[in-house]
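Two complexes are shown next, each including subunit A; its partner changes from subunit B in the first to subunit C in the second.
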Partner chain A sequence: MNSISEIAKKLLDENRVSAVVGYSIGSLPNKTKTVIVKSSQQAEKLIFNNLCVNNLAIYLTKSFRLTTQKPVAVVMKGCDVKSVTGLIQEKQIEREQVFIIGVKCNGVSEDGKNLSPKCYSCKLQTPKMYDILVGEEEEKNIEFKNPFSDVEEFEKKSLDERWNFWMNELEKCVKCYACRQVCPLCYCEKCIVDKTVPRWIEPHTSKSSNLSWHITRAFHLAGRCTGCGECERACHHNIPLSLLNKKMAKVVYDNFNYQAGLDDKAKSPLADFKFQDKEDFIR
Partner chain B sequence: MKNFKIKNDYKNFVKGLLSLNYLVIAPKYENGILKFSKIKNAAEILSPSEYINTVSSTKEYFFPQTEPVIKFTFEGKEIFLKDVEIGKKPKVVLGLRPCDAASFSILDDIFQYEYKDEFYFTRREKTIIIGAACESNDESCFCTTTGLAPDSSQGADLFIEKNNEEEYFLRAVTEKGERLVEQLIAEVEELEEEPKKNPLYEKIEKQIRKKIDLIEAKKWLDNNFENEKWEELSSQCLSCGSCAYLCPTCHCFDIVDEVNYNSGVRRKNWDACQFDLFTLHSSGHNPRDTKAKRYRQRVMHKFKYYADRFDKTLCTGCGRCIRACPVNIDIYEVVKEFAPLVEQN
Partner chain C sequence: MSRIGVFVCYCGENIGRTVNCSEVTQRAAKLRDVVYSVDYKYMCSDPGQQIIKDAIKKYNLNGIVVASCSPLMHEKTFRHAVVEAGLNPFLCELANIREHCSWVHDDKRNATDKALDLIRMMVEKVKKNLPLDTIKIPVTRRALVIGGGVAGIQAALDIADGGKEVVMVEKSPSIGGHMAQLSETFPTLDCSQCILTPKMVDVNSHKNIKLYTYSEIENVKGYIGNFEITIRKKTRYVDDSICNGCGICIEKCPQKKINSEFNTNLGTRKAIYVPFPQAVPNIPVIDKENCTYFKNGKCKVCEKFCDRNAIKFEQTDEFIKENVGAIVVATGFDLYSIEKERSDNYQGYGEYGYGKDPDIINSLQFERLLSASGPTLGEVTRPSDGKIPETVVFIQCVGSRDKSKGIEFCSKICCMYTAKHTMLYKHKVHNGKAFVFYMDIRAAGKNYDEFVRRAIEEDEAIYLRGRVSRIYREKDKLIVKGADTLIGKQVEIAADLVVLATAMLPQKDTVPFAQKLGIGYDKYHFLSEAHPKLKPIETNTAGIFLAGACQAPKDIPEAVAQASAAASKVLGLCSNDQLEREPYVAYVNESSCIGCEFCLQSCTYSAIENKSIVNSKGELVKKVAYVNKGVCQGCGTCVSICRSKSIDLAGYTDEQIYSEINSMFV
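Then we have the complex of A and B:
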C-alpha cells in the first residue's frame, strides 16, 4: 500500500480536509498527472515518484477555492513547501488551512531522464514544514551547485551580450501568460497585464511589450520567488525565466541577506521597511 | 494528379525552392526549440526523418499571434483610417505533418463563415503547403482518431513521401502544387507509375494511440452539456492556455485598440477559452465563470459545435496540447472517458 494514499484516505474519511491534491500516474511515460481527490475511494490513485516535478502550492491560492470551508491536504516536496511559506507570509492562507503531506524527495525529473535543474542546489530533501512526513531519504549522489552559479556566469558577459541574449529570448514569447498562471506566488486577482484603464502593458507581442511584461513579472517576484521553476517548465518556448528570477533572488540575497520561502515569520524585504533605511524616500 | 521523383537529395530540392525566390518556412531549431522558421539556406533544412513535430503549429504564418487590422489617426474630432498592408511575398511552408496540413481545411471554413477574413486568405493564397509523411510518432500523437494517418496528404498542395525503396517523392495534391513542381524541373522528374507504398507508414499508424469513435463521442456531448464530469475533468487545470496557443486549429482572437495621443492601431491578438477573462463582460458578469464551464467549451467546440456547423472535428490529433499541459490534462484520455475505441481488424 502506498502510504500517501492511506493518509489521504484517512483524512477524507475523517472529514478533516476538503480535498487532497497530489500526483497520480500520467498518460505519458514521462509525466505524472495532478489530481484533486475529493473522495476516499479515489485516494488510491495518489502516488509519489521522481516525475512529480509540479509544485502543487498553486492549488492553495484563492482562485481554486479549495480552502474555503475546510483545510486542504497537499502532497509536497521540500521545495514546494517554500511556496506555502511565502503564501503564509503574505497572508494568502493561514497555516491551519493546509495539511502538508511532506515527502522526502531524492530529486525529480521533467523528462524522466535528467534531474530537474532546481534539484542541484536543493538542501531540502526533507521539507522544513509538514503535518505528516512520508518517504525515505536516499543518499544524494548529486554534486551540490551554488544556486546562483548560472547567474554569476551570465553576469560575466558584457552588457551588450546580455541585452541581446534577453531580446532574443523574449522575442519568442507569445504572451500566453502560462508563466503567470502556474506560479503559486502570482496570485493577484487582477494582473497588471489585464488592466485596461490605464493599459500598462500592451497586449500584442513585440520586442518592447514582451520586455515590459517579463521585467514586470520578474520585479514583482523579487524576494518572493522560491525558485520552483514552474514558470520555466510551463513556457513552451523555453524562455529561461529561472535565470531572470535567480538574478532577482541574488540581488535580494546580496543586499538583504534574505532568501524567500524559508521562514513564515520573516518579512520579505520588499514588503518591509526600516526607519534607519539609508534611502530617504522610504521614510 | 502527378507524382515526381526528387532527383538528388532533399537539400537540393530546397535549394531549388529558395532559388525561385520563395520565402521558405520549415522546421528548424531556434533557441533550443523546434519550430517553423524562415530557412535562409538549404543546409538548415531538416529532412522528414529528422523530427517528429514542432513545438508550435504553422498557424502563426496565416493567423499571426498579433496582427494590425487597421490604423487610424485623429485630428480634432476627425478620424482618418488607413488600411494595413498584408505581406505579398509568396511563401512555401515545407515539412508539415499531416496533422498540421489538415488544419487548413478546418481553418478555411471558419475564416470564411459569414465573413471572409481577407488577412487569413491573402496569406493562404500566397502560400504553398508542402506536407511530409510521418516517419516516427510519439505517445501523444492520435491523428487516426480524427480520420488522418501518417501519410494523409489532406490540406497539402504537395506531399513528400518515401517509396518502398526509401526514396523521397512528391505527390501533387492540388494544381497549385503541380504548378510549383513544374518550375523545379532541374530537381524533380515526373514518375510514370504510382510509387509503391513504403510499409513504414502502416507500421507507424499501428503505433499511434488507438482510434476513438468520435461519432459516439459527439452523441455523448449532444446530451451532456450539464454533467458533473466537466468539473472532475478540469479541476486541476491552471488556465495557462498552452493548449490553445499551440493548437493548429484553435483560432479565437481578441480585438484591441492600442491608442496613443493622436494615432492608434486596431489589432487581432490570439486569445483562449481557458482564460477567465475570455468571456468576462464589462458588467462583471462572466457566463463561463468556472473552469468546468471553460473546459466543457473547449471539448464541445472541438468535437460537437464545429461538427454541427461544418461536419468536421476541430482537432487533428497532433498531440501538442497533451505534450504541453503542465498538469497532464490529456484530451485523448478525456474523450475516451465518454466514447469507445473503434474496433480494428
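Then we have the complex of A and C:
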C-alpha cells in the first residue's frame, strides 16, 4: 500500500496533477492543517490521521476553479467525497478535473479524544468515488446513530421552546459569514447577502436580519448539504447550524426520498419535478 | 424623476358601489411622485382613454396606473391608449380594484382603503418599470396534424387548401378513423364511407399534405412557430414506395383467422392486410405477431408472389424529423368497455356479464354489422350463431353518467346513434323489434329531435325510460331485466341481441402523449382547452390546437367544425413571418451567475441552456445560464430557484415586486 505522500510524489513527478491538496501536521496539538503541495519535494508533508476533520472539497471551487487544465488531486474521506459529488452534480467541477485520493476512514476527532459527531451516523468508511484508495478499514466500535436523531429529539419540543432556542442562538451571530466561506457548496461568487438591488438580507446584525440570513442559508442548502459540519466548526459562537441543515435534509429525505451527495447524475429534488411527487402542500 | 398618473375607474357600479372612487382619487393624488389623478365612470370607453392620452401629454407622465378591472380584461386597451400618446406600453400597469377588491368585499370603508393600497403598490411598481420591446420570433409556416380521423382530415385539408404545408401523422395503417367504421350517419342516414372516402383520397393526393400512416409522434421539441417533431415511422415490412396495392400478397397469405381490428373483432383478416377496402394509402402491413415467417422463420409466401419485390422483412422503424410552426391534435376517442379486467380506473359491468357473452356487443360493433363493408356484408346477424335477431335491446348510458362506474359525463352522441341503430335495424329486419332503455333523450341539434321522433313513430322503436339491472342468458335468449319508470313497473325482455351504447373516452395513452406535447388534460384524460368558452380550440401551450373528440365527446359535424376552426387558427398563425409576444421573459445576470444549472433543470419549457463565456484568447472563463426568449413563458420558476438571484423576470423584476411589498409598510 502506498502512502499518501508517495502517491502525491508520483502524481506530481509524472505531471498528472497541478497540485495535491491534503492534510499536514498542525501548529497546535491535536489539530491538522491543510497543505497545498505543488512540488514533489513538499509531498512528504502530507499525512492522514484521525485528526483530519476538515472537508477539503472547499479548495476545489474557491481556490482552483478552472484555473488549470490539469486536474487537482485531493485527499478525501468518504464523507468529503459527497461534497465532490454535489459539486459535479451542480456543474461546478468536472469529474476529470479532480483526482481523488480516497482514504479509508475509521472516524475523525476534533479534539483528539472524542469522535466527531458526524462519524456516528457515517456509513461511508470507504469513499463511494475515488481514483486511488489508501488506508485500512477497521471495525468501528461505536453505536450507529440515525443521522436525524438529534433533529427528531429537537422536534419534540414545543413551538415556543424551539423559537426561543433559535432566537437565543441566532442572536449570537455577528454575520462574519465564516459558515458561508467554509461551506463547500456555498460556491456562488456573489452571495444573495451581497446583492443590493433589492437588498434581500439586511447587513446589520439584529434578531430579524440574523434570522433571515440563517433561514436563507439553510434553504439554499436544502437537498444539497452533505452534513460535513464545517459551518458549525467554523462558527466561533458555536451556533448549532448542523441542526438547521439536518432538519432541511430530513424534510427533503421524507418528501423526496433523496440524500445529497450520493449520485453525481441525480437531479436535485428541488429543481426537478416528478409526477409522483407529493402535492399535499397545496391545500 | 417619476411622474405618475393614476386613473380610477368606477366601472359603472361595479367598483363604485363598494369603493369610494372619488376619495381614492384624492388620496392617490397625495402619493409620492403622483402628479395627476382622476376618476371616470368608464375608463375603458373612448372618452376615458382620451383622458389618459391627454393627461400623458399635458402632465408629461412617464408612468400610468389605471385602477380598474383585471389586466386580463383591459390591460391591452389601456396599453394601446398609452402607445397612442407616445409612451412605451409597458409603462402602464393596472391596479385590479374590481376582481381583487370591489367584487369580493362589501365593507365600503375597508374596500376603499384596500383600493388605495392596491394603487399604491402599483405606483411603486410602475416607478421601477422599464420600457420593454415586444419579442419577435420567426414562424415556420407549416403545420402538423396528429390523427387521421375526420377531424384531422378536415383540419389538414383546410390548412392545405389555405396554401400551407401539412404533415399528417396517423398511428394506424390507414386514415379514416372511427368514421370509416360507421355504416350510416345521423340525422340524414347517408353512408358514412361515401362521404368520408373522397376526403381521404383528397388528403392522399393533395400537393400540400405529407402523409405518414402507421407512424407515431416520438418527440416534440420547441415552441409556437418553431416545433421540431420526431416521427417514428413504424415498420410495415412493405416498401410503400414500390408497392402498388395489387393485393396478391393478401390473397396468398396463409394466416386467415386473425381478428380484424377494423371490424371490431367480428371479422377476420390475414397477417398481411389493409384494414378495409378503401384504405388510404392502399399499402398492406404485416402483422408481425401473427405472421408465419416471424413466428416460425418459414413462409415468405407474400414475398414470393409480389412481382414488384415490395415485401421487406428486414425493414426497421424509421425516424423522421419535421419542422412545423403549429400543431393540431385530433387523436379522437376510444370506447369504454364493460370488461372486468381493465387498464383504466373505471368499473366494469358485472350485471351485464362483463362483456363475456358474444351477443352483448357495443354500438361500434353494431355499426360494423350494419355496414355493407362489414363482416356480414350488411346483414344483421348475431355473433354467436349467425341467426337474424328478432328482438334487439339497446341500452344507453353504459358507463356514461354513471358515477358508480367512474364516469360522470354524458357521451353526447349515443342518443342519436341509438335512434339511428333502431331505424337501420328496422329497415333490414322488418319484423324485428327494437327496445331502447334510456335515461333522457338528448337530441339537441338541427333536425336531431325530429330524427328520434321518426325512430319512435315511424320505425316503431320502443323507448323505455329506465335502467337495466341485469342481463343473463337463458338458452337461446338474453333476458334483459330493467325498469320502465314511466309506468312504474319492472320489465323483462327476452332479447336475441343486446347493444350497449358505451361511453366515449379519449384514446388510450393520452396522458404520456399530452405530456410529450406539454398540453393539459382533465380527469378523464380528455385534452383540455385553454378556456371553456373563449378559447375552446387553443390549448394552454401556444401553437397547439385541438380538434374533435380528443377534447370531449363530439358528433361528426361538431368535430368537423372544430377542425376547421383549428385550421383557421393555424392559417392565422402561418400568415405571419414573425410572431410578436410580450417581453415577460427571464434574463440572466452573467456576472453573478455561477452556472449551477438549477434553473436549467427546473424550467418546464426547456427554455434555458448553458452558455460558455470565453475571454479574448478564447479560453473558457465560465459557464452561465442562457434564456431562449422565444421559448420562455415567463413563469418565474427559474427566478425563485436561483440562489444567487442572478436570473430575473422582465416586467416582474425582484426590484419591482420588492417595491410593491415595501409600499405596504409605509
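FYI, the second predicted complex is superposed on the first by the 265 of 283 C-alpha atoms of A that agree within 3 Å, B and C clash if a C-alpha of one lies under 4 Å from a C-alpha of the other, contacts with A are read in each partner's own complex, and residues count from 1 in each chain.
Throughout what follows, a contact is a pair of C-beta atoms (placed from the backbone, for glycine too) under 8 Å apart; a residue touches a chain by one contact, two chains touch by 3 or more.
Just so it is clear, the model here is predicted, and its values are computed rather than measured.
With the two structures aligned on subunit A, subunit B fits next to subunit C without clashing. Contact with subunit B, but none with subunit C, is seen for A:V35 once the two complexes are overlaid on the shared chain.
Of the two partner chains placed by superposition, A:S109 touches none, neither subunit B nor subunit C. In the superposition on chain A, A:S27 contacts subunit B only, with no contact to subunit C. Touch criterion not met for A:T126: it reaches neither subunit B nor subunit C. Once the two complexes are laid over each other on the shared chain, residue contacts for A:L270 go to subunit C alone; subunit B is not touched.
Looking at the shared chain after the overlay, A:H204 reaches subunit B, while subunit C stays out of its contact range.
Across the overlaid complexes, the C-alpha centre of subunit A sees subunit B and subunit C at an angle of 130°, to the nearest 10. Of the two partner chains, subunit B is the only one touched by A:V174; subunit C is not. Among subunit B and subunit C, the chain that touches a larger number of residues in subunit A is B. In the composite built from the two structures, the nearest CA pair linking subunit B and subunit C is 7 Å apart.
Residue ranges on subunit C touching subunit A, taken from their complex, read 591-592, 594-599, 601-602, 604, 610, 620-623, 641, 643-646, 654-655, 658-659.
Contact residues of subunit B toward subunit A in the complex are 30-33, 55-56, 65-66, 139-140, 235-236, 238-242, 245-246, 254, 256, 258, 267, 269-270, 272, 277, 322-324, 326-330, 332-333.
Across the interface of their complex, subunit C is touched by residues 66, 90-92, 187-192, 195, 197-198, 200, 220, 267-268, 270-273 of subunit A. Contacts from subunit A toward subunit B in the complex involve residues 21, 26-29, 31-36, 54, 58-59, 168-169, 172, 174-178, 181-182, 194, 199, 202-206, 230, 233-234, 236-238.
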